[in-house]
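This is the structure, below, for whatever I ask next.
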Amino acid sequence: MKQDSPAYRFSGQGLTCVRGERVVFSGLDFELAGGGALVLLGPNGSGKSSLLRLMAGLLRPAAGRMLWNGAPVDEDREAHGQRIHYVGHHDAVKPVLTVAENLLFWGRVHAFDQSVGAERAHRALDAFGLAHLAGMPGKLLSAGQKRRLNLARLLASPGPVWLLDEPTVALDRHSVRVLEALMAEHRAGGGMVVISTHLDVDLPGAEELHMDRFGAPARWAEGMWA
Amino acid sequence: MKQDSPAYRFSGQGLTCVRGERVVFSGLDFELAGGGALVLLGPNGSGKSSLLRLMAGLLRPAAGRMLWNGAPVDEDREAHGQRIHYVGHHDAVKPVLTVAENLLFWGRVHAFDQSVGAERAHRALDAFGLAHLAGMPGKLLSAGQKRRLNLARLLASPGPVWLLDEPTVALDRHSVRVLEALMAEHRAGGGMVVISTHLDVDLPGAEELHMDRFGAPARWAEGMWA
Amino acid sequence: MADFFHMGGYAFYVWASYAVTALVMVGLVVASLRGRRRTEAQLRLLQEAMPGGRRRRGRDGNEA
Amino acid sequence: MKSFLEIVHRDLRLALRQGSDSVMVVTFFVLTVVLFPFGLGPEANLLQRVSAGVLWVTALLASMLSLDRLFQADYEDGSLELLSLAPMPLGVVVLAKAAAHWLTTGLPLIVAAPLLAVLLHMDSAGFGALVAAMLLGTPSLSLIGAMGAALVLGARRGGVLLSLLILPLYIPVLIFGVGAVDAAIHGFDPVPQLMVLGGLLLGALPLAPWATAAGLRQALE
Amino acid sequence: MKSFLEIVHRDLRLALRQGSDSVMVVTFFVLTVVLFPFGLGPEANLLQRVSAGVLWVTALLASMLSLDRLFQADYEDGSLELLSLAPMPLGVVVLAKAAAHWLTTGLPLIVAAPLLAVLLHMDSAGFGALVAAMLLGTPSLSLIGAMGAALVLGARRGGVLLSLLILPLYIPVLIFGVGAVDAAIHGFDPVPQLMVLGGLLLGALPLAPWATAAGLRQALE
Amino acid sequence: MHRFANPAQFLRLANVIQPWALAVTVALLALGLYFALFASPADYQQGETVRIMYVHVPSAWLALFIYTSMAVASGMALVWKHPLADIIAKASSPIGASFTFVCLLTGALWGKPMWGTWWEWDARLTAMLVLFFLYLGHMALLNAFDDATRGQRAAAVLALAGFVNVPIIKFSVDWWNTLHQPASVVKMGGPAIHSSMLLPLMLMAVGFTTFFVWLLLVRVRTELAAAKVRAMRMAQVHEAARPAGGAAEQRGTV
């Protein structure tokens, strides 16, 4: 899990997010360096998921900009795609592909210029206690197993930024602990982690971002014309 | 939230559930009186959701029976439908209907012989902090807001039995507390609550049902021919 | 003999009918037997992997 | 009854708000019918002979196009579960949804049909029979289609599978629908064929909701 | 390029594992063609004249039906999000998915078409032109259909009626497809029509993936 | 009712029937082919093509018979939730589809010399084509779901709904006036066909039926094994669902 260049910097300045004619948050700044972690907190609808999608590049900011090592992120979306790992609410597990096939596909697509060996994928499965299910079709997995398979993508191909939207949903306590250990290891290797959660997740030294500070709850009609 | 007749009894005897081709649990009994609560506990796949669906009448038991005040439940499915409120994994929120329209529809369908006023629905929205979103289309809600809208159905029309399948998923802490208070009030009024969860939910005096005790993991082949 | 194969000028139609029928029937047999062999091989593999599975096998009378 | 209207009302509102479905169905209908003269050449005589058949086949296909989503959206977002738990027979829910489907797709087709008949140079003697036959026939299509839609609920390639299942069952409606129009055009009495269409509808009205409800129950298990 | 093949490979594998996708589309094709003799009556002469039109309309319908869910499964299970974040242009993803779709449905349709032509008593002079026209035309249908599928996905988020704009785009393919076959049947040279079909394909090849990608971005916002 | 629900009991019965069915099939088909091709006369109208009848008609009958038994099995599966009935229906439909296909193809091969056309949109022919689609739809529906039982239920409803087609095929020649031959064997007042033709026809028909029985038993056996494979896989996943931390960990989740 060692990152070759630990001197990453990922930051956003004055970010505003508008969804469905409504300003979700505005004037939000963040700053992350290699090894750093950010925990997004806030009540429902405060924009945690929105910020993560913004960081991933699935949404575009209505105002403000995001920089990677000082260069605007949207200049080269493909390079950004390769840097990040996004784990959203959906598990992207194909019911008819086996566990190993599911993982290998995402590994290959994500790291297209490097060869993702079956061996690396196997280690990723092993980390989440799925190795012995490698040949099982995805449809037979339980909710928690699917979630673990989705998280195994993080290890199957390298990517310095992990964007995790409520990753602990459906996980039992043991798996939560495994995830915590992996995040620590990732950060020790120079990676960074952004995570949203309603629960207690152990992330030593993580910065907290309270989303409700940037909210504009009353402005949903006017927001559009701001 | 006052129930007119607090002398309800809801019980199940020797329930067996078969899903797919597998016995999920067998020989399960439960007994609930007005004001009571039952917490379903157990690992992933132990059959918590299945038992709730059985209680709701979405699944039929392969063996055993359920009684309401001594009379078999499946004799009058419509009456049973009116007694229960089932909250499952899906939120049943239509993206193009507004929050108020979504709620009113379910209120009217559920309590078809009583008129569910807009006023009662409004109070239900208010209880979950959604009143200011009443005119917003469902597609703009965040995960937690949808879940709260789904829970608001509980208050929009009366029904003594609440069947809640992991209702706290996606809720922020404040909303969890609101839900706890509402459950207490419902029970005080003579209602009953059955809830499945992986988390700590505060339900004073609730009975616990450990689903893994009724599992039949080794009985795979015979189960089908039982 | 040649007469027999000639079928009064309708050789193609008659023999094609019998050929089609034979082909389909043989195809069915082959497909069914292969399917059975494959499934039973899978079952054996699984039963070997699963302790306790073997014990049950005899009672279900699976082998025949 | 109140719940029935409530569901019809909701489904109509959904259809209107998200648009597309009925507009798409009618567009498809118009487009295909307009296309035929290209395929056949513009001879009025030939067009006239195929007009009843073309109109009916196209109407069949058009109503089928919109069917595969009949229960799908409600199934996926959990509404169907709740509807099946509502204090009314599931058959009533089915009937309400089929009624809404017919109002948003069958009815517009019927309105469009006489216009298209003119385009195909259909003898005006057939217009009355055409509208009457469609009025009696398209509700059956919606009902039979609902049954198919319930069967394929949750299947992997719902759309195509659905058509595979219901097209064979549509054939009687097609035969008698075309028969009624052709009879009227050739100066015969179309009433016997219309009676058969009505009979089919009367048969489908209790049977299809029952079978559909059974299919939905299986899907929700 | 490697990722392109990777996606095509995955989609083919999905199609094969989920079983009989292509079989189903072909069956639908056959079934719909079978409907026409019911509607038009069994006269060989009449069937022969409509055969080219019927085959094309049906092929269009078969491809439309199977396309409308092209991105749906990936959208619902979150795969589409991840694919759009993959380090390659979204247009390439679209092209790969359209290619896989064509291989599993368009190609079998082309194989089945001559058989159905026999059922409809088409003049054998038209067979060559039919296959050639379908080879050039069905990829355009897949590309245009992919665009429609993307717009339908995005429509949930607003611009509903956009999906309607797609239907008329099919018309040129249909007109020239039918034209080529008819020309060959009547002893004319079908090459000009085939050239137009080729031109349409060349036009769709860069434009459709671009528009589709835009639609998908919209859907994912 | 549930006596044969136990697979052990069913398999014991199958073990007895299966070798006999195979032996009878081989004998009848050999004898039937001899009579059909050598020891029966050509028809005075149809000439040698009448020999097509000995495969065409048995496969048509078998196709109808299989669909009927499939519908019966489906009804039992729906009413009594009898798992064996589901399996029988599932094992039948590919066989039925194959024989429908044979009937269609041999019919076409007979039609070309007799009617001068491979295909005609005649009521019986079309209804037979619809039967073929019903078989295909049944097979497709069975395999269209991730959950096997869900597919079986849906397919059972379809099999029952599609049964209306069987009487249509049988009586289409009487209800509509068609090109196709009316019934000459199975009809009121006894068969109107010469015994020299009736004998090979009957030999082949019975032979086809025993062939079906034998094949059905093979396929049912396969399906039983497949159900067990699925169950064991499921059990394996279920076992694996408990994390490495052990059971104590799980209970702590509360």
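By letter and in written order, the chains are A, B, C, D, E and F; residue numbering begins at 1 in each of them.
Following the convention adopted for this analysis, a residue touches a chain if its C-beta (ideal position, glycine included) is under 8 Å from a C-beta of that chain, and two chains touch if they have at least 3 such contacts.
Predicted model only: the values in this text are computed from it and were never measured.
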Count of steps on the shortest touching-chain route from chain D to chain E?
1
Of the other chains, whose C-alpha centre is the longest way from the centre of chain D?
A
Counting C-beta pairs in contact, which comes out ahead: D-F or A-F?
D-F
Considering only mean CA positions as chain centres, point out the chain farthest from chain F.
A
Go ahead and align chain A to its copy chain B using Cα positions, then give the rotation in degrees, nearest 5.
170
Distance from the CA centroid of chain A to that of chain B, rounded to the nearest Å?
32
Dist(centroid_CA(chain A), centroid_CA(chain E)) in Å evaluates to 37
Distance between the centres, which are taken as Cα means, of chain E and chain B, whole angstrom
45
Hunt down the residues of chain A that sit against at least two other chains at once, touch-wise.
19, 89, 142, 144-145, 172
Each of the following residues of chain F touches two or more other chains, namely 7, 133, 136, 140, 144, 146, 228, 232-236, 241, 250, 253
Quick check: what residues of chain C touch more than one other chain, meaning two or more?
60
In their shared complex, chain B is touched by residues of chain F numbered 5-7, 83, 147-149, 227-228, 230-232, 234-235, 238-239, 241-242, 250-251, 253-254
Residue numbers of chain E touching chain A in their complex, please.
2-3, 6-7, 10, 13-14, 17-18, 76-79, 81-89, 220-221
In their shared complex, chain F is touched by residues of chain D numbered 147, 151-152, 154-157, 161, 164-165, 167-169, 171, 211, 214-215, 218-219, 221
Contact set on chain B toward chain F in their complex
20-22, 41, 43-45, 198, 208, 210, 212, 217-218, 220-221, 223-225
Per the contact definition, I'd like the list of chain D residues that touch chain E in the complex.
18-20, 23-24, 27-28, 31-32, 35-36, 38-41, 46, 49-50, 52-54, 56-57, 60-61, 65, 76, 156-161, 163-164, 167-168, 170-171, 174-175, 178
